[in-house]
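The same subunit A turns up in both complexes below, where it pairs with subunit B and then with subunit C.
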Partner chain A sequence: MSISQLLAQYGEEYLAALLTTWKLTAICFLAAFVIGILITVMRVSPIRPLRIFAELYVQIFRNIPGASLLILLVYALPYLNILLSYFICVTIAASLIPAAFCSEYLMAGINTIAPGQIEAARSLGMTFSQTIRRVVIPQALRSSVLPLTNLLTATMLTTALASQVPMNPLDLAGLVSHINTHAVGGVMAFLISAALYCATAVVIGQIGTRIDQKVRILR
Partner chain B sequence: MNETREPIISLRHVDKHFGALHVLKAINLDVYKGEVVVVIGPSGSGKSTLCRTINRLETIDSGEILFEGKPLPLEGKELAALRSHIGMVFQSFNLFAHMSILDNVTLGPVDVLHTPKKEAREEARRLLDRVGVLSQESKVPAQLSGGQQQRAAIARSLAMHPKVMLFDEPTSALDPEMIGEVLDVMTTLAADGMTMVVVTHEMNFARRVASRVIFMDSGSIVEEAAPDAFFTNPRTERARSFLQSIHGH
Partner chain C sequence: MSSVRISARDMLYEEPGPKAKRRIRIVTGISLAALAALAAAVIHRFYITGQLDPRYWSFFARGTTWTFLGKGLLGTMEAALMAGVLAFAAGFFLMLGRISSIRLLRGLCIALIEFTRGVPTLLFIYFFFLVIPQFGIQMDAFWKISIPVAISACGVVAEVLRSGVNAVPKGQTEAALSLGMRGRSVFLKVVFPQAIRFVIPALIAELVIVVKDTTFAYVVNFPDLMQNAKVLISNYDALLSVYLVVAVIYIVINYLLNRLSDRIAAKQKKPAERRA
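The block that comes next holds the complex of A and B.
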């Protein structure tokens, strides 16, 4: 089928799939962001077991392939009598992995903070958690806008894992499989999805650059 | 000094090592309310470390440090509360890079002392005015000169209403033409009765402002004297050669 035929026949499905991909991306990135911050706070905390747990988390989820994690969630969890919907399985897989990277970027951001500022905060009488909330995390976030922007794009691409399970509703990658099982969309069906991924990524990149220019810390 | 009064800071037989290096050797030092104790000595003599042990930014190996007669607490909320009474001014200013100058000054009062925001701002502006950087209040630290940053850092400390202020080489990172403006602020503070411990290489400041001069070398307090006596007639050979080496250039 040509692109115009595909769009005529599946235009609405593509639109719905794009929205599903956006929704998945938003949920997963938000979850990854929150988990990433928590893991990062654990990594710099004075409590050793928390640090060990957080380091393990990062080592495991930074290095596990997304497909393997998804297979584990879909096929292994039922043996533990945990039965999750495909949508939830995809969401978990596409959140836990970016969370590890999120923490790596935040740690890099933390390393840009002069240690003297931490001493200044402690000298003012700020507790560990106040120092983390008011001095460390805000600066780490502001200096990792660009890596986090890339992470958002990477998270979107990770959500394409959804095509590996019969998730309903279909995301962009899943729709391609769907079209190619029910008709002969061929490479063109891929191209349309790819173009939509690309377009989204470009917009994300633009927004990220703007935000970075606004919040970047003068040094 | 009035011997019956209790010192506000008291170091008793304090020892500290950095690995094999014995940086503080059996240090005994009392600081009384209203005093300006200036600590001088060659680099590596332990004077900065001494200053940093007073609010426990550096821990000690043995001995005892008392603040208002009570030993410094271990890490945790109690120590944080105590630190809020001890102002600290650093060599490298250490203003919070992501905040405006005004927010730098209000952060401590609002978060630690729970001062209402509006009140904290008014007070911060008063203090920034006092140190002469009020016009910079909405800029971030990197937009200020070193001297302005250090004066803002002093205002940040003052906003906590500290009982003592520690100055750890406050002018060592400054261009020469900015040293004077910072020392002026410190001189005014001293005249207002602030209790201060000042680690510095500024001998004229020490001579003019100090109530007492502490001379350190290789981790020990070698000499302790009134500034006039110390600068005109040092008792020890080490202090004499140190002063000569400074006046030599």
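The block that comes next holds the complex of A and C.
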């Protein structure tokens, strides 16, 4: 099929698919960010069981393949009488995995702060929560802009998992597989989706670099 | 974790006083109880739905189960290794183009690198699984999984290699040139061998992503770990236990690869720090 034929026949589907991918990416990234912060707080807390739990979480979800996790959620959970919609399954899978990486980046961000700064904050009489809120978190966030940008792109790529389950509306990857199983979509059907993914990734990267240049701490 | 260097993480709070100690003890107790309750709830869930029944787990005691899973694992490893080798070769040439002085070639390579990094692996797999056959090209399932996985990894490999090349001090090139070596052999014999040593940890980390991506081999019906798990499931009618065990196998493999990467990175760092 030529590009004009494809767009005439599937134009609306492509738009809907792009919006689905964006929506999934946004939801999953936010969820991953929140879980990532929670896990990071546990990892730096003095409560040992929570530390161990959080480390275990990170090791499991850093290393599990997305397909494996999605299959467990979609096909294995019903055996435990837990029935979730396909959309929820994809959202959970594409949130839990990036959350582990998010925590890794935040930990790296915390570790860029010189111990002397915390000593200084302590000797100024700041309490623990003041030190965390006014010294640690602002700096850790500022030095994790680029990793978090990469995480947003990685989250978008992870949401392509949605194409492995019947979704309505389809996401960008699912649409390519849909078009090619129902018609001869050819290279073009693939290229349109690929270009949309790529354009999103490039825009995310540009915005991230811009923010990073503004807030980066020069050392 | 084994680093002796004091990081900000260890500095967040000093040795707690008696009051704080008591509070920590109380919260530790509460969190232990909460985690125990969580574990109990999970096990209870398994129990009331009958998933703890021995018939779902007993076949893991048989050798044949493990040889079958092992065969699948071998398939996964073969595909992942082939994808890794292909990605390395393609990444090497992309990196050469990326640092070349010819503007057109450089632009083309930047575009290719960005393209492979911005498109999900599954989309490349659909391309090889659904689009290529439309042109009447027959391909083995092995290639249908290892080529797309390699494509989606090669851009990252190129960037990793480039960061390694940039990390080699300029003086190395200057010294080699002043010894009368030519540009190409300076790069191949002096710069690149050092660059590759710098980036071995990052390359192993990328191999983890390759192993994860080969999980999609079931899409193209390649007999990998996931595909063989499916056969086991239909043989023993035990879906949950098999998929759980398979997930654990993947996690352990990737965990070990990550550990290896960290260890090499730590080893490389030590002499550098000593010198500094």
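Criterion: the second predicted complex is superposed on the first by the 213 of 219 C-alpha atoms of A that agree within 3 Å, B and C clash if a C-alpha of one lies under 4 Å from a C-alpha of the other, contacts with A are read in each partner's own complex, and residues count from 1 in each chain.
Assume contacts are C-beta pairs under 8 Å (C-beta built on N, C-alpha and C of every residue); 3 or more make two chains touch, one makes a residue touch a chain.
Only a predicted model underlies this, so the values are computations on that prediction, with no experimental measurement involved.
Novice: Would you check which partner chain A:R122 touches, where first means subunit B only, second means subunit C only, and both and neither mean what they say?
Specialist: both
Novice: Could you tell me if A:R142 is touching subunit B, subunit C, both of them or neither one (first, second, both, neither)?
Specialist: First partner only.
Novice: Contacts for A:S193 in the overlay, against subunit B (first) and subunit C (second): which applies, first, second, both or neither?
Specialist: In the superposition, A:S193 contacts subunit C only.
Novice: Go through the superposed model and pick first if A:Y86 touches only subunit B, second if only subunit C, both, or neither.
Specialist: Touch status of A:Y86: no partner.
Novice: Which partner, once the models are overlaid, touches more of subunit A's residues, subunit C or subunit B?
Specialist: C
Novice: Taking the superposition as given, does A:A114 touch the first partner, subunit B, the second, subunit C, both, or neither?
Specialist: both
Novice: Would you sort A:W22 into first (subunit B), second (subunit C), both or neither based on which partner it touches?
Specialist: neither
Novice: So subunit A touches subunit B in one structure and subunit C in the other; where do those two contact lists coincide?
Specialist: Dual-contact residues (subunit A): 46, 113-114, 117, 119, 122.
Novice: Residues of subunit C touching subunit A in their complex?
Specialist: So the residues of subunit C in touch with subunit A come to 6-14, 16, 24, 27-28, 31-32, 35, 45-46, 49, 51, 114-115, 117-123, 126-127, 130-131, 134, 208, 211-213, 215-216, 218-219, 226, 239-240, 243-244, 246-247, 250-255, 258.
Novice: Within their complex, state which residues of subunit A touch subunit B.
Specialist: Residues 46, 113-114, 116-117, 119-127, 130, 134-135, 138-139, 142, 217-219.
Novice: Which of the residues in subunit B end up touching subunit A in this complex?
Specialist: Against subunit A, subunit B makes touches at 55, 57, 75, 77, 80-88, 90, 92-98, 107-108, 111-112, 140-143, 153, 156-157, 160.
Novice: Provide the residue numbers of subunit A that touch subunit C in the complex, in ascending order.
Specialist: It is residues 43-44, 46-50, 53, 59-60, 62-69, 71-72, 75-76, 79-82, 107, 110-115, 117-119, 122, 128, 131-132, 136, 153, 156-158, 160-161, 163-164, 172-173, 176-177, 180-181, 184-187, 189-190, 193-194, 197-202 of subunit A that touch subunit C.
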